[in-house]
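For reference, the structure I am asking about is given below.
Should a chain be cited, it is by its letter among A, B, C and D, assigned in written order, with residues numbered from 1 in that chain.
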Amino acid sequence: MRIRCAIVGGSGYTGGELLRILLAHQGAEVTVVTSRRFAGKGIGELFPYLQGLTEISFEDYSIDVIKRRAQVAFTAVPHQAAMPVVRELLDAGLKVIDLSADFRLRDPETYEAWYGEHSEKDIIKRAVYGLPEIYRGQIEGADLVANPGCYPTSSILPLFPLLKNGVVEPSGIVIDSKSGVSGAGRTSSMAFGFSEVNEGFKAYKVCEHRHTPEIEQELGVASKTRVTINFTPHLVPMTRGILTTSYSRLSKEVNTQEVVELLRDFYSQARFVRVLDPGHFPDCHFVRGSNFCDIGAKVCTRTNTLILVSAIDNLVKGASGQAVQNMNLMYGLPEEMGLTSPPLFP
Amino acid sequence: MRIRCAIVGGSGYTGGELLRILLAHQGAEVTVVTSRRFAGKGIGELFPYLQGLTEISFEDYSIDVIKRRAQVAFTAVPHQAAMPVVRELLDAGLKVIDLSADFRLRDPETYEAWYGEHSEKDIIKRAVYGLPEIYRGQIEGADLVANPGCYPTSSILPLFPLLKNGVVEPSGIVIDSKSGVSGAGRTSSMAFGFSEVNEGFKAYKVCEHRHTPEIEQELGVASKTRVTINFTPHLVPMTRGILTTSYSRLSKEVNTQEVVELLRDFYSQARFVRVLDPGHFPDCHFVRGSNFCDIGAKVCTRTNTLILVSAIDNLVKGASGQAVQNMNLMYGLPEEMGLTSPPLFP
Amino acid sequence: MRIRCAIVGGSGYTGGELLRILLAHQGAEVTVVTSRRFAGKGIGELFPYLQGLTEISFEDYSIDVIKRRAQVAFTAVPHQAAMPVVRELLDAGLKVIDLSADFRLRDPETYEAWYGEHSEKDIIKRAVYGLPEIYRGQIEGADLVANPGCYPTSSILPLFPLLKNGVVEPSGIVIDSKSGVSGAGRTSSMAFGFSEVNEGFKAYKVCEHRHTPEIEQELGVASKTRVTINFTPHLVPMTRGILTTSYSRLSKEVNTQEVVELLRDFYSQARFVRVLDPGHFPDCHFVRGSNFCDIGAKVCTRTNTLILVSAIDNLVKGASGQAVQNMNLMYGLPEEMGLTSPPLFP
Amino acid sequence: MRIRCAIVGGSGYTGGELLRILLAHQGAEVTVVTSRRFAGKGIGELFPYLQGLTEISFEDYSIDVIKRRAQVAFTAVPHQAAMPVVRELLDAGLKVIDLSADFRLRDPETYEAWYGEHSEKDIIKRAVYGLPEIYRGQIEGADLVANPGCYPTSSILPLFPLLKNGVVEPSGIVIDSKSGVSGAGRTSSMAFGFSEVNEGFKAYKVCEHRHTPEIEQELGVASKTRVTINFTPHLVPMTRGILTTSYSRLSKEVNTQEVVELLRDFYSQARFVRVLDPGHFPDCHFVRGSNFCDIGAKVCTRTNTLILVSAIDNLVKGASGQAVQNMNLMYGLPEEMGLTSPPLFP
């Protein structure tokens, strides 16, 4: 008996990626994909790469249909639009993995400061932050998982163990992230046109990107203190991938080898985290299409700084792959099911 | 019991791609990977994307080791270097799937005119041309399969059924192909440096590319007459993919719909050929990482010409995926085993 | 006294490119740039690369303003929108270089078959087709120049001399063109989003692209007979550049060297046409940002076919650079003025 | 009378870029280009984009020839190879603009710690650091100019005025730089092959890049104290451009507007520095092919940090354009001569 899955808001890249992963997943099947705009169209019309692989068509959102046909719903709609949908799905008895930001922040005030009003504050506390490498146990018992943002996933995984172990100071952390263009979604914005992006490189939303409080929240959990970070996202002329470089002051005397060992120890059960040998650093190229997070570390003794570099595929570990990993945990399936294809290189 | 596979000459892109596919293949296992240059190095050193997924290291080529540990060998060494290796492997009782050009041409003289001396002419006739959509039956019984070239795969699949059915004339065919850069292999040539290729586009080996006689051979089989083509390859600033546009004169009055139906009929059993609806044309984007060959057709009544457009991933259907497809057939496994991951888009 | 230039519809890539060229032109100055949508905005707001180089702002279109401030107008508005504007400008006494398709086709019926109704048929005959290498004399005396399309420029320049000299047959010509994405204009269409185009390659408008009759018209002039071609455009994941590969049957026995000489002879006065030595073929890389058209030739004796390959920058020789070249001729300036910057490589 | 220029080691990208700029420069002419490897070959053979624009060929290096034909030499050979050549050229009476690192560091010990032995220590003090926006006066009188590195140019220009004015603290500065691939030179290294770089993104030489001491030297000049920085370079899958994001702690209470004004004030005479309005940040796209350095600033009050973002074309302002700017100053020509072409976008 396969898990019956609904994808709510399935016409974007994360929807397409959920389909790509779930169509090859041996323990799950997609039974509903909703899209207001494309209701009635076949999956292959919007996603020609999936042509011939499924007979499913997009449908209008209907809680009755979803309730009847699915056990778990992946909500891939914009933040704020997600809230009422998530509530309705929970009320109908489904488990929900929400790919929006609506249930990631535990503090409603922080949410409202960065995103706007939150209409479903009472269910925020039911949500588990869906980073399995850190919250595996809670995810297994959850009925609402807030799937982490792409930048936060790439930022938290390398820093969490170091902060938790008091190796670096929680203040003054700089997180400089670089994302491929698919992070902007399947959009018709001129700003993400090929000729606008290709052969360009820029920073954006400097000091004001909404993923900042999400990263600060989790680093705060790790360090048991309030954390304020400098976070700057950049747009890379490539399609998939996020590389995050962070700088934090060492609070202990350690060398690179010891940092690598600490990370490996912390992630000894984490199949999707690969900690590289000293002297090696990750490349988005080597995680593409996979659920891996590769991490490299360097203790810079000249400046008493720990430099951590991580790479993920923003659409997989940064979104849909992680969502499926969460689903696997919620249903007692092997954590890696459907996520074992090696990365695609070159 | 999994098929035990050796990869001879495994340090290039086709070697890496064979590993990517075979490591996730449920009916096969890789037991030997040879590389003179990198013997002793772990797979992950050369292919960091495979780090953590295999414990195998590159070894020097040794027929004794291969004989002991493997049943089938994929030879991914340059043409002319492949010949003696293939013979030795066959003599040792292995089945061989040769990814070089050495056994693709049935006529030794043609081989020698385009490639140079052939030292193993007597085994040429044992080789089956490994295009499963056309030679499935022979491949099933073969012990030597000559895996087709990337350009020929993309050229023959769309044209073969039309020539076989006399819909187009066998003379005056123009085949204009465009390949991603990975087709040049994992090379240190300046000509394929990023800054040389990016934002450039060019034709190369105009009227003299070695895949020409291979295409002509198979189109000749289809049309039962000697075929001479104009074949021009181009270099596209993308990593994977070949798009081939061909022009042939119609010898019958047909419309696009009829051509599409003829193609679909011919490929009704071919899981990896997707013939698109009239008005739709393939994009390399939609086959990336997969074993699909997508085909679009257009009858141009203004000029009485049939225009066929096909797209493949040059490293998968154009090389390693097709090789695994051949292996599956040779060993009675389901033809698509290990090749069912959907394409990676975007 | 510099030529005073107006750019009508200046917010797209061709507008930006006209500005780039004219701001550095020593014999011209831009006095008006119109854009209904962006009237009031500074040039640098839309084109940040021009920030600090001009004080001009976009204005609403006003014939009175243009008449007062400019002598010549470049019309860079969509086809059919251009017609009435061109008439108004001519009536107001300006010379006009029209970058739309509206006055390129001498036969109104052909225009209407491919584009739609033509409301200003009476001035079609005043228009000179603005390919200076062929119509230099007429352009010098013209008050309306129809600036050629990008694909036609790249197709006509290599083929014209061969057809004119009867070296190739006018029937059965195949023109397979590949264009960078900027040819689609500065658009917010999802289809030209970075993630949609990058790492993709496709054919489009197979057998029905509107540049077809324009190419046929000029090849017909060359061969003094009606010409019908197969023309297929493709989209290359690069920003600038068109490479065109054409195939035509030889009607004389010639070798590559003779073809090269014929081309060089024909273009001996054409500063922007570079005919490459036999064995060399053009690359879009080597013309980027310049007004050059590079041409390579190969006689394929196996098939009795002449293969011509040409490369241009679609925004320069394929649009704005050619327009400035035409302006230079119309005003008796040196043909190359403002167009002498070498290509930008890499 | 044009300045007669020699380019020593002219076969790489900086050599090609010097040619591109100098061939269009109205006050200079290139009279010698040396290359041991390509002596005898025409410029157009190595740089097809320059075909038809110059009759010059590469020659073997000969001090006699250079002395006879040139007044000023641009040395574009690797560090350590440059030293003796620079001495010989100076001894022969030429002015020298050295594009290597050999004379950038004023302290020979620092040089030797990062690069290796320095054989010409006595002429280090004759060298002026060739950042015209800071050392204009000294450059005008220099006979040896050490042309800055690409990363240092992009790092020093935004930070220098802030440190000089005590707005930010000189300790704890993080400089996170991202460079296009042409920065690696015209190389045949596999690591810079298209398929290796495209769709990848990585950090490299973390905490150990040789441009670190050069940046620290100049920031130390600005702040009049010893400065130690965290500098991390990254490789962007684009050809040209460097974007540098720096983080420094504010030592004064200022807002973004005030920082922008301070920068504009400092660079009021600097034609090639464009300081963007608050809320705007640079993009490599908008400086490509030009000598501009665009700078954006943001005071992040949450963290009391100044974030500066700068963009240059690494081959122009980061190398050859800056070298020509230096030459102009050394010879009393207008500083911007030959450098006024607008950036190429898109």
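Rule of thumb we're sticking to: a residue touches a chain if its C-beta (ideal position, glycine included) is under 8 Å from a C-beta of that chain, and two chains touch if they have at least 3 such contacts.
Since we're looking at a predicted model, the values are computed, not measured.
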Ask   = Going by the contact rule set out at the top, which chains touch both subunit B and subunit C?
value = A, D
Inquiry  = Taking each chain's centre as the mean of its CA atoms, which one is most distant from subunit B?
reply    = D
Ask   = In angstrom, rounded to a whole number, how far apart do the mean CA points of subunit A and subunit D lie?
value = 39
Note = Cα centroid separation, subunit B vs subunit D, in Å, comes to 46
Ask   = So, what's the distance in Å between the C-alpha centres of subunit D and subunit C?
value = 36
Residue list for subunit D, restricted to those that touch at least two other chains = 13, 180, 182, 186, 195-196, 198-199, 237-240, 283, 285-286, 288, 346
Key: Complex interface listing, subunit B residues touching subunit D   = 13, 180-182, 184, 186-190, 192-199, 237-239
Remark   = Listed in rising order, subunit D residues that touch subunit A in their complex are 172, 174, 176, 178, 180, 195-196, 198-204, 206-207, 228-230, 232, 234, 236-241, 243, 245, 247, 249, 281-286, 288, 296, 298, 300, 302-303, 305, 307, 309, 311, 346
Ask   = Any idea which subunit C residues touch subunit D in the complex?
value = 13, 16, 19-20, 23-24, 47-53, 182, 186, 198-199, 239-240, 274, 276, 280, 283, 285-290, 294, 340-346
